[in-house]
Every structure is written in structure tokens, then in C-alpha cells.
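Structures for review follow.
Two complexes are shown next, each including chain A; its partner changes from chain B in the first to chain C in the second.
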Partner chain A sequence: MNASTPIPLKATVARPARLNRARLLRGALPGVSLAVLLVVIFVMQPRAMSYMGMNLMFNLAVPIALATIAQMLIITVNDLDLSLGSFISFVACVCATVLNQHPLLGCLALVGCVAAYALLGALIHLRKLPSIVVTLGMSFIWMGGAILLLPAPGGTAPQWLQAIVRYKTPLLPFAIFVCIALALVVHLFLMRSTLGVVLRGAGGNPIAVAKAGWSLLRIKVSLYALAGTFGVLAGLFLVGLTTSADASIALRYTLLSIAGVILGGGEFVGGRVSPIGAVLGALTLVLAGSLLSFLHISPDWQIGAQGAILILVLALRAFVNRLEAQP
Partner chain B sequence: MSTIQRALVTFKGTSKSFGAVRALNNVDLSFHAGECLGLIGHNGAGKSTLMQVLAGTLAADTGTMQVEGRDLRASYNVQLARQHGIRCVFQELSLCPNLSIAENTRLMSPAIRGFGWRREARARVLACLDEIFPGHGIDPDDTVADLSIGKRQMVEIARAFVQVDEPLNLVILDEPTSSLDARVAEQLLRFVRRFVAKGGSIVLISHILAEMLGTCDRIAVMRDGGVVDIRPAKDFDHASLVECMGSAAKAAAERKPFASKRLQGTAVISQQPPRQRDGRTVDAHAGEIVGLAGLAGHGQSQWLIQVLRRCVATGQGAALVAGDRQTDGVFPLWSIAENITVSSLGQLRRGALIDPEAEQAMAEQWRQRMSIRTPDMANPILSLSGGNQQKALFARALASSSSVILMDDPMRGVDVNTKREVYSIIAEEAARGRTFIWYTTELEELDHCDHVYVFRDGQAVLDLPRNQLSEEQILRCSFEEQLV
Partner chain C sequence: MMTARTALSRVNSKPWLWSFLAALMIWLATVIFTGGMGGGSLLSSALSFSAFFVIVGIGQMFVITTGPGNIDLSIPANIALSGAVGMKLMNEQADLIWLGVGAVVCLGVLLGCANYALIRVLRIPPIIATLSASFLLQSTAIAYGRSVRIQPPELFYNFCTGNVLGVPYLAISVVVLAVIMGYVLARTRYGRWAVAIGQNARAAELAGGRVGRVRFATYVLSAVFASLCGVLLAGFSGGASLSMGEEYLLASIAVVVIGGTSVGGGFSNVPGIWGAALFLYLLVSMLNTFGASAGVRLILTGLIIIAVITAVSGRSSARAV
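Moving on, here comes the complex of A and B:
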């Protein structure tokens, strides 16, 4: 392009540049908030910068990140899973009992769990039920199952599982590599592949996707099955770390996972999600907990303080959105 | 055009009903390669239904549908339409706002796949955009949600012309220029001619007569679910098109004597439509029934909502009868009685609480007045038929103390008997001094109005008292660019 047509060129370039900046800011927000938290922690507690310290901080992050990805897949089609926490607890109980004693039966049970999620997706789509109601009901079923398996805390995770999750990697703890790999793999699948386009399209404009000849039923079933798979992985990882299970081991994951998706730049409706953001959001939540411990805030206040951090990040995002919306 | 043309699709005796409403009635129409066919008609003439049948999103009930020589009516669907190269750009946008333009392109063309699909989709949609709208200034990586409505429509159109592996024979453009500015619309129409010259087929639906006459080879006029006239475009002119769309020789004899209510007093409502350029206001006087006419979606509903907002803000009060019952009208989980009394709770109070007896009495009174057919007003509202639900919504508005009643095309999908009952009640209430503002998509209903405004492009372009009203005038104003 030369300078002989400056006016239209200016008009077409100037507006997107500003829009791009706002969009970039929005995309960078989860990463920036995580970095700020990390820096604050390192400044307050330099010893946390070691391999050991990072390992301690990020150890429990992997199951939460997996749960957040599961939740994100459900949110992609404008649904919400309120049973995720009790589902992961149930999986953890299965691993600590059945999987340890009868590996084959345990594997079958886990496959059954994924199938149950796929069926849930089909049920919600076919009967046009609100996902919140169905999954809220399911949460009691999963919790009941977990209590039947393990009425009191106990059980033992299979040795091989414990060995996998405690794998020692050079330079940085295993958990960080897992989180990076998780974010990248899901990003490639959901954001870059053709299948991912269809799945996200179903959240953005389901009627248009159906008119283009795609089956909404299959889309929903696949997403729910995938979410179930990531839920199972979260349960496996969690029980590998804790070595034993308890029926309420992961109940708080339901809300943590939703908060993680939203912190990571996702929206409840419209198919706007970001896998990398979701993982970063999950890590932010985990670190927020650590930071509060470093600040010697009593556990009584920690949940409230965690909420305050959440509100702060969301307020920042609302501000960025407003920048974007300005004409 | 003297050569024998290959018929891509032929409808013969095609009919389609929605419940009691006959949307298509024995349609005979064929679509040829190398031709732009115009389709024109007033609201509810059946254009959109016919196009949905052609695109495979609706199935016809009877008749044959020959596609490239074979009758496919029974098995026809969206996939089959695509396999035969039939595509549609619908009026309501069908892009996914959360995806980029390239991703939206891929959604429509499953043939773009494998490694590097993104690059290919980007290149293909960009090529179409460049071809149709040179100088469009759209980047295929932009997210659709960030685009203006006009650019979204450009993307939507360009995407329909992306061709990978699949055939591309016929494209339906349903009001494609409605959100395009004049220059871009011109680009599109020129492209339509180029596409047709290369042997493609276009079905064009537009309310701008000059576009239709200038672009189409043949124009089919639809009325009441049937094709009433089909001629080469050059045999039509503005006047004859308008004439064809109106219903034949209507009995004007039964018209009641007319006395304007505008001779004294001031208007109760006086509000300028949002996009009015000449400062004209739409007025309503006490006791008057004012009709809002014109094609659907030309600003009538927005104007009604504006009036409603202002009435509520100033404390004047107004009641709205919604046309879209399911989304704007009924409370689906409530009883019929609760649905009727909800806007009059102020009158039904005893102390701080609702008086159940008064509520019941009011519900009972309106059941008799509107003859709502139900054994018990405590039944859920959804137990009623559509027409009776609409009566309940009328009762809700009339039971309130508001002196202004706004009606947003309330008779959509209501049977004839119910309509007649409601018309007489509206006349009674107007005689008592209530003001009705009635947006309707059915021309016959305008006969019940004292004064009619015709809307086009968000402006009131014509106002007439009933005694000067003619169907031809309304049609001409709904479709015309400028008043001739």
C-alpha cells in the first residue's frame, strides 16, 4: 500500500488497532494476574522460588486444572456442571478402593463414569433440561456412591498411580509440565482444530450450527464425555497425591472450577472459552490460597479473602471489556 | 433467454400448513440455471416458508419437489440441499459470533479440513469477499462479534459463495441488502448479475422494488401462500408489481361510516419514530384505534417499546399486548387467573396483600367478557389453546387501568373466530375512550383502525385516516424507495 490513499487506510486500520489492544489486554489478563501473584509470593517468601517450594505450591494445582478444563468443556455449550466436585470425589473413592483391589473392575468403573457423563449430555439435550438442575441432582448421586464406597476416609491409591504423580522432572516440578501440556493440548484441540470450531460454534449460535448440518446431540454428547474424561483424570491425579480418599475430598472443586474458567477469560454463555486461560485461572486460584497462608491470614478468613481476589480480577476484566466496547 | 433453460428445482402443487394456518397453498414454481428469480409479496405471503422448504429447513406437506429431475420431497433436508448446491442466506444472521470469519467459513464447508485448514478457509472467504465487495476492509481473522451489522451481513453473503468440492448452483438471498449501505448493496447486485451470467441461479427477496426490477430476470408475486403472477421482470413496473401483491377486488361496501377523532383535542401519544428524518410524529388521540402497517421488522415494534417506556416513565401508564406469546407474553408456570390479574395488582390489594376474592372475581369477569374457553381459571395458562392464551393476554391489558393499549402484532397465529371476538371488544373499549395503537402485519386488520401509519426503514412514511385508506397505497409505501 502506498500513501496515495491515506484516508480509507487510516479508517480501516485505526479502529481494529484499538480493538486489538483491548482484546490483547483481555487475553493477557489471566497470565498477568498469575504472574503478579507469583511475584508477590516470591518477594514475601524467597524460599518458595526453589524446586521444593514450587512443588509444594503447585502440587494440588493439577487436579484443579483438570477439573477446570472439564468445567470449561461444559461451559462451551452454555451449560454448567454442578456435580463436578462430587464426581471427582466419587472417582477418587473408586481409585482408592476398587481400582486398587480389582484393577480390571476399577478400569471398567471409570469407563462407566465417562459413559454416564455422555448419557447426561444426551439427556440434557434431548429432554431440553436445564443442565444446572440435572447436574445438581447428579451431585447427590455421585456423593451417595462415594459414601457407599468409603463411609469413612481411607483406602489406598494404587502404587503405580502414586509413582506417576510423584514423578520427578528436571528444572521445574512435574505439576508445571503437566499444566503446560494440558493447556497446550486442549488449546490445540478446541481452538485450532476443525472439530473444536464446530464444538465452540454450538455454544455461539446452536441454530446456525444445526442449520449447517451438524448434529447438536453428537456435539453435546462428545463435550460431556470429554468433560467426564477430564473429571476422571482429575480424580486419579488427586488420589495419587493424597494416597487415600474420602467422600468429600473434592467437593470444593465445583466452585473452584467455575471460578477458574471465568478467571481465565471464559463467559458463561456464548461459547467464549479459553483453555490456556482456564488453566492459568485454576493456577491463580491455587496460588491465591498459598499467598493467603504466607500472609498468615487465619483459615477462617481465607475463603473470604479468596473471594476478594476473585472480585478484583473480575472487576479488572469488566474494565477491559468496557474498553473493548467503546466505539 | 430464448434458449431452453435447465430447471434446477421445480415445485408442483407444494403445500405446507402450520396447524390451521395454510402457509403455502399449491405452489407451482421452477428455478432455472442462469437466472435471477425475484420473489415478492407482503407479510405472510409465504415467501420465507417457500425458501425454507427450498433450503431444506422445513419439509413440505404435499406436492412434488423435483431437484435435478428427481422428486425428493419426502427425503429432502439441509444436507441434501447442500449436495445439490442449494444454499441460503437467511434474514436472521446465522454466524457464530464467538468464532472468527475463517472459522465460520469452515463451519459451512466441511470439505476444508486437514493440516492448514485455517489458512485455506481464510484464503477462500477472503477471495469471495474481494470478488463480491471489493474494498471491504474485513480481516478473516476478526471475530464476528466485533463486526458491525453491515459487515456481518457481507460475511454471511460471501460465505454462501465459498465453494470447495461441493457444487454451487442456487443461492437464496433473503433481504440481503437490508443492512448494507447503498454502495455495498450496488456491489452485491452487480455480483448477482455476474454470478447469473456464469450459469448460477439466484433467488432474490427484497422490499426495494427498484432492486428487484433492476436485478431479476423473472419476478414471482406471492399472495396468501400461493404464486399469483410470474412474468419476466421487464414486463413489470412499480405500479403493476404493487397491484399484483394486493388482494383482488375487495368488497369495500361493508365499511362503517367514518368520523375522525382528530378534529378536536390534542394527541394522547405523540412520538417520533427512531429514524424519522423529516420530524414527523406518530400520534394517537383519545378513543382512537391507530394502526401501524408496513413490512415486518421496519421499526414498528421498536416504536411501540419506545412509547411504552415513555408512558411508564412519565407515569401515564400503558399496557402492551405482546405478539410473541412465548417469549414476551405469558408466564408459563402461572394460572390463567394470575396471568390476567398481574398488571392490575394495585387494584386488588387489601392492605399490603392481594385479596384472593377480588382476584378471582376479576378473572371470572374477564373469562365471560373474552369468552376464554376453560373450565377453571385456576388451570395453568399453557392448558389453553394459542388463541385463548392470546385472549388472556388481551384481558391482562384491558383489565389494567391504563388508558393506552399498545398491541405488537397480537393476532399472529390466532384463529379467525378469536380474532373476530377480539376485534369487537377492541371497538367497544375504544368507544369508551381508550386509545389503541395496533401494529399488525395483516392488511385486513387495518380496516378496524381509524388512522394508519405505514413504516419503512424505521420511519413513518405515510399517514392516512381510514376513509382514505387503500391497500394499494399501503403496499406501495411499504415497498417503494421514494413516493412517486
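Moving on, here comes the complex of A and C:
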């Protein structure tokens, strides 16, 4: 008889206000850190507040934000992409050579890149391979392809591409509008749509998602293909800004994109990611670099500043988490 | 029939044999292609270059052994900084070699402690901890090493590049190091706990293992080995350079995996690292001999890494069940 009585829920709803506050604090952390950085920069150098200044600061933010979104999609299913930087370099080389001279062939090559990512997802899922090692191998392949296309720095980005990325918008630079649109679109898709919930569920509890009738293979393939698409977009945008490419143009994006996802509140396991946070994280990393030039510190410390901000934000998050754990 | 089967199972229980076999075949292919010319000197340079891969590979292997998610991304930055620090302290004087090497080992211990402190205090995944540490290190190395173009002391240079009967001193020392670390992994209490934690951290903890201490020791070990590699590499190449550590991030993971260590942790072996390092070096030089361009070499290296992990994964999952 007792078996039919529901098990009483104990103490799981204790102190909801405090819990919510901690969650709110954690969610606000990426935005707050970006805002603090911006304020510091504006105080140091009021002229940075102009259209021109913002344009300079956020010039290279879009490719990094796109790369961060690509990395985030891979992290959603608990994988990690160590080849993203060399992939974006390869795409940039394709754009600066093939796409410029033979547009049709170039488009086919870019579609092939996305297909390669989809295949990669299938291989990793079917053979249960560690993504770190497979993407490590892929990074050699993309780098080799990039060197074959462009043995020395050079090439030219197609004119139409340069025109698009240099588009001038009123009020705020184009890059900021693109970042906002990117964050919102990916947020609506991944966090609000039914499909997005399933995709994230595959990272949180794959067995449950599979038992509910979804194909884990198809989920992984689509996430990898999406990541490949964002990688291609990052490469297109980057080469449009730099107008020429070289084989190592985006190598540092691999580590930057991982840092951006984590900075934005994403976690390595459990499908816990945040698209808006990821874009904010990428912008924070970009600003961390330019903050130094405003402080008149040697650009030698640019990477170090990014590391320091990463540690600082993670320390704050650990503090908030502890607040939550000890009511 | 029976003996063939036991022989096969013996080979299967020693996954590192495959990497040596592959290295041997590639060496033979190169020597046959060149008509027997330069086989000895090829082997000699392979031993030299592989030694560096092996030093960092051993450290990375211990880190990977302690379980999924454990990986040391700070190795390249560590190598760059250690090389610069070592060369600066030695200051081209033979009697300061001990100071340079000693300081670099201390630096390694410090960096390992810093890595573990980040993991422990901030409770962040090791990948992110070592990544953010490496950002800081890289900047320090750039700022510190910008003006450093100091050559290694003559004696140190001779040790790093010299050989006896074609076998580099460095290779001999690293073989000894590998034997010691193989013993540490298989026979000492620390090594057994490291493997146990990699297989099941919770079970190891319940069995009385001090998970925290073992991981701490492992990150320190990895950092010290990367630092040693940095100073030796600077000695070998006649001075430290900022980019000399770059290829070691991918290489350190590649040699561990090709050597037959499970990426998920808990199943490791040291000899395989030597086999894999020789294999990777000989592969690149074989492709060189065949006249392949840099791009083709990279693509083939990548394809082989993926092929190896695809082939190996079937075996390790069968063993885990």
C-alpha cells in the first residue's frame, strides 16, 4: 500500500530567493565583466567612445565571436574541437585563393568543409572516439591544406566579401550589430526551440534523449555541421577584414574560442552552454587585448591579460558557486 | 596453434609493440628508398629529436592517466619560458649550468603548483586551468625572452648535441628516464594510485587513495618535465626561441595516444611513447625523402593520427568492458 504513496520531496525548494540570486549573479557575470572592461576603457580614453573608436576596438570581434559559437556547439555534446583555429585558417586560405578566382569551385569547397565536419561528428559518434584526439589529427590536415593553398602569406579576398564586412551602419559599428544578432539567433535556436532543447539534452543525458526516440548520431552530425558552418562564416568574415590570408592566420582561435565559451558561463559537461554568454565572453577577450594599449602596457602582455581575465572571472564564478552551496 | 595464439595475445597485451613495429617499417622503407644510404645517421637524428617528444610525452601521459578531462595545455608556453630562463641564468658560462638547470626545475615545480592551485581553488576543469596559465606564461615568456639571444654554454651544447657511437647522449639519458618513469608507473605506490584514479576516481578514493595529492604530484611532474625539455631544447638548438614550444602541444598528446595509452585514462605505458615519437619523426623524414611538400606531410600526419585512434578505439573499448 505504501508503494503507491508519492515520496515526499524534502527541502529541495529551501531558500529559493538565495538560490535564484546566485543563479542570477552567475548569469550576469559575463555581461558585468564586459561592462566593467568597457567602462575602464572609456574612463581611460574617452575618445574610444566614438564610432571610430568602437569600430577599431571591435573590428576583429566578429570572427572570434563566430568561432566561439562554433566551439560552443561542439562543447554542447561534451566534445572539444582542437582543430577550430586551423580550420578557420584553412577556410580563410580557400576564400583568398579559390573563392576569389573560381567562385563556384570556392563555394563547393566551403560546402565540402561543412560536410567534413558532419562526417567528423559521425566518425566520433560511431566509433566512440575521443574528440580531442580526432580534432587534433584534423588540425594537422587543415593546416596542411592551408599550406598547400597558400605556401606564403598572400591571396586576395573577393571584393564582394570585403564590401559586406566593411558595411557601415548608423549609430554603432557593424560588428556590434552582427554580434548582437548572432547571440540572439543562436540563443533563440538553442535555448528556446524544441530542437535546441533536444540538442542540449544530448549533452546532458544522452541515454534519456536516445530512449525518447531521438537519434544521437543525427544530433551529433547536425551539431558538428552547424559548428562547421559557423567556422566557415568566421573564416569568411576574417579574410574579408584582413583582405589577404596566411596558413596560420587564425591558429590562436582554437584556445581563444574555448576560453570564450567558458568565460561566457559554459561548462565542459552536461550540455550547459549559453550562446549570449559565449558571444559576451568572446568580446571580453577581444577587449582585454585592447585594454592594454589604453593602459600603455606593452602588447607583449596581451595574451597574458586574456589569461588573467579568464582566471579572474572564473574565480568570481567559483565564489558565487560557493555562496550558493553554503546558504 | 596454441603458441601462435599466446604470442598474439602477448602482443595484444603490449600495445606499445605496434608503435615500434610501425617505426621500424617506416625506417626500412626510407632506407630501401635511398638504397641503404644514411640509414644510421637517420636513426641517430631520430633518437635525438624523439628524445624531446618523449620527455614532454611522459609528463603528459601521467596527466592523461589520471582520468578523462585531465590534460596539460601549458606545456608549450612552459617550454618557451624555461628555455629563456635557463639560457639567461647559464649566461654562456659552463660553471653556471647547474644554476640554470636547477632554476628551471624549480620553475617547473612552481608552474605545476600554480596549475594545480587553479584546478583546486577555482574548481575549474584542468583544460581551462592549464589554458589560462599558459596565456599568462606565454606573455611572460614574450616579455622576458624578447631580448634573450644567449647561446648555451659550450659544455651544455655539447651534451645536448653530442653522441657516442652514433647514439646521442640525450637519447641515452631519456631512455634511462623512461625506464625510471616506467618503474614509477607500474611499481610504485604513486604510479598505481594514478592508474587507479584514472580508472575510477571515486573507487580509488573509497579505497583510501588521496586523489588530490596524486593529481597534484602529477601536474608538478608534467610541468617539471616540460621545463627540462625547454632548457634542453634551447641547448640543442643553440639558444631559446619563443616559438620553440609550439609544436609540442599537439605532439605531446599525439605520442601518448599513438603509443597505446588510453585517452580516457587508467591504461598507460611508457615504452609506447618512445615508439610513437620515433614513428612520428621517421614518418616526417620519410615523406621528406620522398619529396613530399610541407602541406602533404602535415595532411598525412593528421590522417595517420586519426587512423591510429580509430584502430585503437576498438581494442580499448573491448578491454574496458
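As a convention for this text, the second predicted complex is superposed on the first by the 312 of 327 C-alpha atoms of A that agree within 3 Å, B and C clash if a C-alpha of one lies under 4 Å from a C-alpha of the other, contacts with A are read in each partner's own complex, and residues count from 1 in each chain.
To be clear about the criterion, contacts are C-beta pairs under 8 Å (C-beta built on N, C-alpha and C of every residue); 3 or more make two chains touch, one makes a residue touch a chain.
Quick caveat, the model's predicted, so the values are computed rather than measured.
Put chain B and chain C next to each other and count what each touches on chain A; the higher total goes to C. Within the superposed three-chain model, A:P46 lies out of touch with both chain B and chain C [touch as defined at top].
In the superposition on chain A, A:A318 contacts chain C only, with no contact to chain B. In the superposition on chain A, A:K128 makes contact with chain C only, while chain B stays out of contact range.
When the two structures are aligned on the shared chain, A:P103 is found in touch with neither chain B nor chain C. Residue contacts after overlaying the shared chain place A:V198 against chain B, while chain C stays out of touching range. Of the two partner chains, chain C is the only one touched by A:M138; chain B is not.
In the superposition on chain A, A:K211 contacts chain B only, with no contact to chain C. Shared interface residues of chain A, touching chain B in one complex and chain C in the other, do not exist. In the complex of the two chains, the chain A residues touching chain B come out as 8, 11-12, 16, 19, 23, 192, 194, 197-198, 200-201, 203-205, 207-209, 211-214, 270-272. The part of chain C that touches chain A in the complex is made up of residues 69, 71, 73, 118, 121-125, 127-128, 131-136, 138-140, 142-143, 146, 250, 253-254, 257, 263-264, 293-306, 309-310, 313-314, 317. Only residues 57, 78-79, 82, 90, 94-99, 103-104, 106-108, 110, 112-113, 117-118, 135, 137, 139, 142-143, 146 of chain B touch chain A when the two sit together in their complex. Listed in rising order, the residues of chain A touching chain C in the complex are 80, 82, 123, 127-130, 132-134, 136-148, 151, 255, 258-259, 262, 268, 298, 300-308, 310-311, 314-315, 318, 321.
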